[in-house]
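There are two complexes below, and they share subunit A, which is joined by subunit B in the first and by subunit C in the second.
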Partner chain A sequence: MDIYLLEAIINGILLGGVLALLALGLNLIFGVIDVVWIAYADIVMCGMYALYFLYAQYGVPLPLACVITIVGVSGLGVLVHLLIIAPVLDSPPLNQLLATGGLLFFLQSFATLLFGTDFRNIGVRLPVLEIATMYVSFARLIAFAVGLIGAVALYLFLKRTYVGTAIRAIAQDREIVALMGIDQRRIYIVVSAIGGALAGLAACLLALQYDVHPFIGNTFGPVIFIICVLGGLGNMIGGFIAAFVISQIIAIGGYYGSTELSYVFAFTFFIVLMLIRPRGLFAP
Partner chain B sequence: MLSLAAVSAGYGSFQALFGVSLDVSRGEAVGVIGPNGAGKTTLMRVISGIIPMREGAMTFEGRSIGGLPAHHVVEQGIAHVPENRRLFPRLSVEENLRIGAFIPTARARFHEQLDWVYDLFPRLKDRRSQLAGTMSGGEQQMCAIARALMSRPKVLLMDEPSAGLAPLVVSQVFELVRKIRGEGLTVLIVEQNVQQVLEVVDRAYLLEVGAIRLSGTAAELKGNSFIRAAYMGL
Partner chain C sequence: MNVTRMFLAIGIAILMALPLVTPTYFLHLMIQILIWAFIYTAWSLMGRFGFVSFGHGAFMGIGAYVPALLWSYWNVTPWLGIPLSVIASALLAVVVGYPCFRRRVVGHYFALVTLALSQVVLLSLVAARDITGGSLGFTQKTVGHSWYALQFPEKGYFYIIAVLLWLFGLLIWRWIDRGIGREALEAISEDEDAAAAIGIDVMREKMRVTVVSAALTALGGGILGQYLMYLNPETMSGIAVSLQIVFAAIAGGMYSLLGPTVGSLFTLSLTEGLRVWFGVNFIGAANTIYGILLVLFIIFMPRGILGLFDRARPARPRSPAPAE
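So, the complex of A and B:
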């Protein structure tokens, strides 16, 4: 096989790690709260700015800056839930979409107002590894590994703890969990905090690879959505796998065409698949 | 132990219960019988707090539970086995039981309670890692009862435990009710299967169009000519 194609495939797998993390967060929120956070990628953008300012401007050590970012974005997730989602929980889905869609424009405009449209880089230069004449970005390798660790941690939390089990239960029967002493509102807050934390973690990983600017969310937001729909909205394992399918298409498409064209391939694949399997790749 | 005085409730502009009064003493098994749409399920849901009470008073062990949200009612010691079982179908049997023990007091003694429930229903132990939705109706009912028992309740509310089950399985379910009584639990059970429920309860109330029409001991109701004609087909 062509060594450059192999390199593209490996980079595709590595890209999939971060996308999978974001797909997990979005699917968790959708599956449990039944609301789509249209502005999810822009919450990630807020996290990237947080890391940029903490580390590049104020000199906070990188690991500490990452922890603060994750905790901060987790708190932002809770705020988004309490201020924007909770009041429209009983409204028609369209109104909910408008509310979280409004948040998207608010965050992008607010970031533009505060920080301007400059591209900012946190300035961490990680080496590019040369493995058997293939070039693999170390930043991507870290992002992939941490993304996987995050996914496994989330899995264990959902599988092993009482609150995690309650989160899975509430996604299956919203009404009846109260009979088991579970306060739905509290579970929603926990889920929003986890969704936020995953966005914060993804922000740290993405900031290592990309410049931050107010519209960075537009570059990967739509991709996360097609991943979630492809995997079946709310289906966490489906979304996780779909993240790697899409990242592979983007990587291999980029190898044969160009980066811009690779997104055309990914969305074409998505549209065709939606015609064949409207409920996603893994629908029964 | 559990006492309702002139309780009214409903959904929107529809009133389902009109001044229902009812008492359950410690260790007793009490039935609520009546036709479809009489308000039996509403009654259960009002007690467990899923539907708010509109008027009247509700006390449990002398404390008022009217207006308490459902997730606090369980903590008082009232567990509800809902109509149609309502298991979490894509969780395993044991995960369903774990959810049943969500409240802190139950969580602290989870393993002890799990052993007790498995002793009571050995079938569930065999199926512990099976997805709850893939079991037979009777087994699911068993699991739903076990899930409620995991909260270490003082009173068990059972809503139509025999609904949708084959006749042979229905007998098994009533056998389970008897078994639970044998463990000293207080039971309030709502049923359409009048003949069989009167075999396992001490007393019963007849609920019709949202109001209590008759009440008495199981033996009295079994002998009542109206009940015999209207509900037992005799």
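So, the complex of A and C:
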């Protein structure tokens, strides 16, 4: 096999790790609160800026800066829920979608206002590994590993803890859960915090690989949506697998064509698949 | 009735005569407001029945780029190019819409499939940068004043075209609203199975309104492209444009005839006003306020501006939950 193709495939797998992490966050929120956060990728953007300022501007040590970023974005998630989602919980699904769409406009423009449209890099130079004449970026390797760890941690949390069980219960049956003495509003806040924390973690991983700018959410936001839908909205394992399918299409498409074309392939694949299996790849 | 007609005629006459007295800048704004109002009206043909498409950015993009490219590379007149782009958009609407409706892709899923569609068109336009100029945009070949090329440096011509286009859009809206199709579509949006059970041809009704909506959006995109002469994938297609369309239609009120027009007037005046107010020193300030207003609108005025004056009609029930 062509060595460059192999390299593309490996990079695709590594990219899939971060996408899977983001898809998990979005899926968790959708599965439990039944709202699609169109602005999810832009919340990640906020996290990337936070990390940039903490680490590159104010000299906070990187691990500490990452922790602060994750906690901060988690708080932002709660804030978004309380200010924007909670008031529209009883509105039609469309209005919920659009409320977070308005947030997307706001975050992108506000970031432009505050930081300008410059591309900023946090300036961490990680080595590029050479494995059997293939080049694999160390940053991507870390992102992949941490992404997997995050996914496993989330899985254990949902399976092993009381709050996790309550979250899964809400996703299964919203009506009955109240009878079991679970406060839905509290769980919603917890879920928004976890969704935010996952976005913050992804922000730290992405900041190692990409420059930050106000519109970076546009580049991978739509990809996260199609991953979630492909896996079945709310189906976390499905979303996890779909993340690797899509990242492979993007990586291999990019190898044969241009970056944009690879995304065209991914989106077209998504549309065609949705028309064949409307409830996602792994629907029963 | 005759009095209403008379007022209507006078109103249109005043609107038509406006170029004689107004400054060019104002005319420029009016043309854009009217063309966008037409596009928003076209979207609301579907949106008001609960088929929320985020794919109209795709139809816009095709509508704007096909005639522009045909003209600039092969000297094909827009009089042919625009109909071609309209047909192409209608075909795309059939190709994507038919299986969507057949397989019952509804709610969030429909919104996200159509979102992907607008992204496909945007990225294709960027990827074909050898022809379209990519993200740098595309400037059409200019020939000065020409009916054949549909190019008029004098804004008055495009103003009249925009007014006629807008009126045409309102007529189509009325035609759908008055027809038996509206009742059928409302029934479908309430409960698809029940609608089918009483003998409504669900597929036909949905497809008809979808194709009309897509075709008109392409027409609007074509005219806008002819007017602006400069096309950019980001402002002519893609998710941003789709969101812009949905927001404006909802802000104005998508359930009434003039709602999308009010939305167009409101959003364009607002962005333009904020832009002038803040100047170039605060890039993003205008859109920041715009974003906040959008969120507030969705939370507090989900039926839009005209929805406020619409109290007489019973509040529309919560739109049906997507079948899952």
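In this section, the second predicted complex is superposed on the first by the 284 of 284 C-alpha atoms of A that agree within 3 Å, B and C clash if a C-alpha of one lies under 4 Å from a C-alpha of the other, contacts with A are read in each partner's own complex, and residues count from 1 in each chain.
Quick note on the criterion: contacts are C-beta pairs under 8 Å (C-beta built on N, C-alpha and C of every residue); 3 or more make two chains touch, one makes a residue touch a chain.
No experiment lies behind these values; they were computed from the predicted model shown.
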item	value
Touched partner set for A:Ala169, first subunit B, second subunit C, both or neither	first
Contacts of A:Leu64 with subunit B and subunit C, given as first, second, both or neither	neither
Subunit B versus subunit C as contact partner of A:Ala178, first or second or both or neither	first
Residue contacts with subunit A in the superposition, subunit B compared against subunit C	C
Touching partner for A:Ile131 - first (subunit B), second (subunit C), both, neither	neither
First, second, both or neither for A:Val152, with subunit B first and subunit C second	neither
Parts of subunit A lying in touch with subunit C, wherever the complex brings them together	30, 36, 84, 87-88, 90-95, 97-99, 101-114, 116-117, 214, 218, 222, 225-226, 229, 233, 257-258, 260-261, 263-264, 267-268, 270-271, 274-276, 278-279
Subunit B to subunit A touching residues, read off their complex	48-50, 69-72, 74-75, 79-80, 82, 86, 88-91, 95-96, 98-103, 106-107, 147-148, 151
In the complex, subunit C residues that touch subunit A	50, 52, 96, 99-100, 103-105, 107-109, 111-113, 115-117, 119-120, 123-124, 126-127, 239-240, 243, 246-247, 250, 282-288, 290-295, 297-299, 302, 318-319, 321-322, 324
Interfacial residue positions of subunit A with respect to subunit B in the complex	162, 165-166, 168-169, 172-173, 175-184
